C-alpha cells in the first residue's frame, strides 16, 4: 500500500499523540510518587515535584512488601499454570467432540463469567472456611483458577479450532493414543495461544482485589493489591507512598508484558478468525 | 500427716500449673493505626499482657480501615470471627442484634467497670437494648475547626469568631478570595460527611433521631442547621459532592484552605507541617455551646469465640488507664487516661476535654448504616441547592420507611 | 480424535466443570435462595418471603436509576472502547517508524492493576489538585475548572472516559490481529477493481472481521457490566446515585450496609440482564462454528 509522505508524517504524529494519551497518567503516577510527604500538593498541579525524592519508594518497599510480592507471585504463577492446563484440556475436548451436550456444558462454564463477584463471595468464603482453607494460598489459587477458567477456555478454543483435525488423524494412524497426540502435537502447536492466555490470566490475577481481600486475614498472607490499602487510612490517603507502591506493583506485569509481548500479539494473531 | 498434705498440695499445684500452661491463642483484630510506631506500642503492650498471663498467646491482626468493615463482616458471616476485636461505635447495635457479640454486663459488674470511667457518649455507644455490648476503647470528636492563623490574619478575621454560626459565615466570606477557600465543607459518600453534618445539627439544638426513634430532621432547629450549611456552601472548594475530609486536609496543608473540620486526630499531621495553626472548639449559634459528634471504637467479644474468658482479660488489660493511652491513636475512652494522653500529646487539652464531655453520639440503631446513607443523600441535596425543608422531609420519609 | 476416545473429552472438561460448578453455580444458587428470604445481617432467623424483596427493589426509585446507569455505562464504554480500539488498530497497522514502539506501549493502560488506575484517575479529576484541571487552567481555558466527579451530569462521562483509557488497548490488540488476518487476495482484488481505501475498508475489511467484532463487543460488554473497581473508587456510585451501577450497588448493600437479601436480589437481576446478552453471544458463536465445521 503506497502512502504519501504527507500522510506518513501525519499518521506518525497521530501515533505520537496516542502515545502521549496513554502515557500521561503513568507520568503523573511517577511524578506523585517522587513527591516528598512534607511538600504539599500545589494548585495548579506541578508536573514535577519541587524536591523529588525516592523516600516514598523506600517506604513502599518495606519488609511487608516483599511478603506481599511473594504471595502474589506464588498465587499468580500457580493460577496461570493450572488454568492454562485445565483450560487447554477443556478447550481441546470441545474442538474434538462437537456433541450438543458438551456444547451446553461448555456454555454453562463460560457463562459463569457473568456472575457478579460481590454477590457470591460470602457463600464462597463459607465453603473455604468449611474446607479449612482460609488464609492459605490454596483458597486464592482455587478461586482464581475458577474465575479465569471461563475466559481461558474461550480464548484457547479459538486457537485450537485453527488446528485441523487431520493432525489428530495422522497421529492416530501412527498409532499414537489421544493423550500422546495431545502432548506431542497439539501442545507445541498451540504455544502462541498458550502464551497469550497465560499472560492474560497473569494480568487478571496479579491485580485481583476482592477475593484476596476476603480470603486473607493475617498480614503474611496478603497480596500486593490488598497491601496497597496500608496507605489508605481512616482519614486521608498517603498519596506519595501509595503511588510509589502502585509503581512497584505494576512493574512486574509491565516487565513480563514487554518481554512476552511479541508472543502475546502473535498468539492473538494466530487465534483470530480468518477471513 | 503434715508431709502427706504438703505432698498432695505440691502435686495439685504442679498439675494445675501444667494445666494452665496449655497454650491458647487469642485472635485479636484491630483497625490499622495510621500513626507509625503505634503498632510497636501495641506489640509491647501485648508482650506485657502475655507475660502477666502465661498460657495466653495473643495473635494481633491489624486491618487497614478501608477493608475493615468488609473483612469483619465476611468473617462473622462466614463463621470465622476473631475472639476479640475493636468495632466502630456505629456497628455495635447491628452486631448485637445479629447475635454476633457477647453481652458483657456481668463481666463489667464483676470487674467494677462502670460508666463514670468513660466519656458519656462513648459509654452510650457501647450499650444497646438493656445490655452492655462492649467496652469503650478510644474516642474522638467531630469536629474541631482548625484554622490557618496566617490566612486569618491576612483577611482580618478574628479566630474566636469562628465559634459562632454568624462569625463562621462572615469569616468564610472574607477568606474566600484570590483563589483561596474559606471553609472545608465536604459531602462525599462516607461517614465523615455524616459526622460533620450531625455536629452542625446538634449544635443548633436539632436531632437526627428523636428519643422515641422517630426522625428528628424535620424539626425547626435541624432545618435551621441545614439552611445554615446551605448558606455557607459557597465558601467551600468546588466539588463538595465528591470531596472528603482527606481532600480538605490536602488543601489545608498547601495553604489554599483557611478552615478545615477535623477531629483531634488531625493534630499530629498539622504538627509535622510548616503551618501556623490552631483550633476552635466547633461552631454553634451565638450563645449556645457547640456539640460535636462522637466517633470511636469499642472492644467486643464474639459469641463464636472459644476463649471468652481470655478475651475479657485482654479487654480489661487494654482499657486499663495506664495502658489505654499507649495503644490508641485516637483519644483513650477512659477519662483518666484521656486526660494524661491529651496533656502529653495534644495542643489545647482542656478545650478538647470540654468538647469530649459535651459531644453526642450518632443514633444507636442496628440500621444505622442505612440512616447514614440517607444522611449523605441529605447533605448532597442541601449542598446541591435543594430547599432545606424539602430535603429534610425526604430524608425523614426514607428513615421512617426503615421498619 | 477417534470416536471410541470421545469419552476422554468429558474427562478433559471435568475439572473445569467441577470447579465452576462448586465455586460459582453453587454459591449463585445460594444467593438466589437468599434473595427469597428476609435475609439480613441483623436478622439471624430469615424467613421465606418469596418475591417480596424483588417487588420492593423494583418499586424503589434507585432501581430504575441503576438499570439506566448500568446501560449507559456499559454501552458507552463498550462503544468507545471498540471504536477507539478499531481506529487505533488501523493506525498501528501502518508501517511507520514509530509503529514498533507503539505496539509495545499500547497495552500499558490495560496491564496497570485496576485499583491503581482508578485511584490515579480519581486524583487526576480532583477539582483543585488534579492534573486535568491544572491543564485547563494553564491553557487559560478556565480559572477554576469543573468538579468532574461531583456533578451528576459529568460524573458518568468522566468515569466512562477513565474506563475507556484503561480498557481500549485490549480491543486494539484484538482488532490489530484480526486486521492482519484479513485475506490479502480479497484486498488486492478490490484494489484492482479500483476501490479506494474507504470502500475497501467498508466492503472488504469490515465484513471479513465481522465475527471478531461481534465477539469482542460481547466480551467487553460482559466485562464492563461487572466492572466494579473504577466507579467504586471514583465516586462510590455518587453523586446522588448518578453513577451507581449493579456491581457497586450490590457491594454497597451487602458489605456497606449489611443488607444481604437486597444485595442478592440485585445480584439476580444483574445476571438476568447479562444472560440476555450472553444468549446473543452464543447465537453468533454457534453459527460461526457451524459455518467453520461445514466448511471443512
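Here the chain labels run A, B and C in written order, and each chain numbers its own residues starting at 1.
Note that in this section contacts are C-beta pairs under 8 Å (C-beta built on N, C-alpha and C of every residue); 3 or more make two chains touch, one makes a residue touch a chain.
These figures come from a predicted structure and were not determined experimentally.
*Asks:* What is the shape of the graph in which nodes denote protein chains and edges denote touching chain pairs (line, ring, star, complete, other)?
*Replies:* Its topology is that of a complete graph.
*Asks:* Let me spell it out: compute each chain's centre from its C-alpha atoms, then which one is farthest from chain C's centre?
*Replies:* B
*Asks:* Find the geometric centre of each of chain A and chain C from their Cα atoms only, then give the gap between the two centres in Å, rounded to an integer.
*Replies:* A distance of 16 Å separates the two centres.
*Asks:* Using CA atom averages as chain centres, what separation in Å is found between chain A and chain B?
*Replies:* 39
*Asks:* In chain C, which residues are in touch with two or more of the other chains?
*Replies:* 128-129, 255, 260
*Asks:* Going by the contact rule already set, what residues in chain A reach two or more other chains?
*Replies:* Each of 41-43, 122, 237 in chain A touches at least two other chains.
*Asks:* Give the residues of chain B that touch two or more other chains, as numbers and ranges in rising order.
*Replies:* 70, 74, 77, 179, 250, 254, 256
*Asks:* Could you list, by residue number, the parts of chain B that touch chain C in their complex?
*Replies:* Interface residues on chain B, with respect to chain C: 69-70, 73-74, 77, 94, 97-99, 179, 187-190, 237-243, 247, 250-251, 254, 256, 366-367, 369-370, 373, 376-377, 380-381, 384.
*Asks:* Where on chain C is chain A touching in the complex?
*Replies:* The contact residues of chain C facing chain A are 1-2, 5-6, 8-13, 15-17, 19-20, 22-28, 30-31, 88, 91-92, 94, 96-99, 101-117, 119-121, 123-124, 128-131, 133-134, 137-138, 165, 169, 173-174, 176-178, 180-183, 186, 208-209, 211-212, 219, 222, 225-226, 228-229, 246-247, 250-251, 254-255, 260, 263-264, 266-267, 270-271, 274-275, 278, 282, 286, 288-289, 292-293, 296.
*Asks:* Going by the contact rule set out above, which residues of chain A touch chain C in the complex?
*Replies:* The contact residues of chain A facing chain C are 3, 8, 11-12, 14-16, 18-19, 21-26, 28-29, 32, 41-45, 86-87, 89-90, 92-94, 96-99, 102-103, 105-109, 111-120, 122-124, 127, 142-143, 145-147, 149-150, 153-154, 161, 164-165, 168, 172, 177-179, 181, 203, 206-207, 209-210, 224-225, 228, 237, 239, 242-243, 246, 249-250, 253-254, 257-258, 261, 264-265, 268-269, 271-275.
*Asks:* Name, in rising order, each residue of chain A that touches chain B in their complex.
*Replies:* Its residues touching chain B are 38, 40-43, 121-122, 125-126, 128-129, 134, 213-214, 217-219, 226, 229-230, 232-237.
*Asks:* For chain B, which residues are in contact with chain A within the complex?
*Replies:* Its residues touching chain A are 29, 31-32, 34, 59, 61-67, 70-71, 74-75, 77-80, 179, 192, 245-246, 249-250, 253-256, 262-263, 265-266, 269, 272-274.
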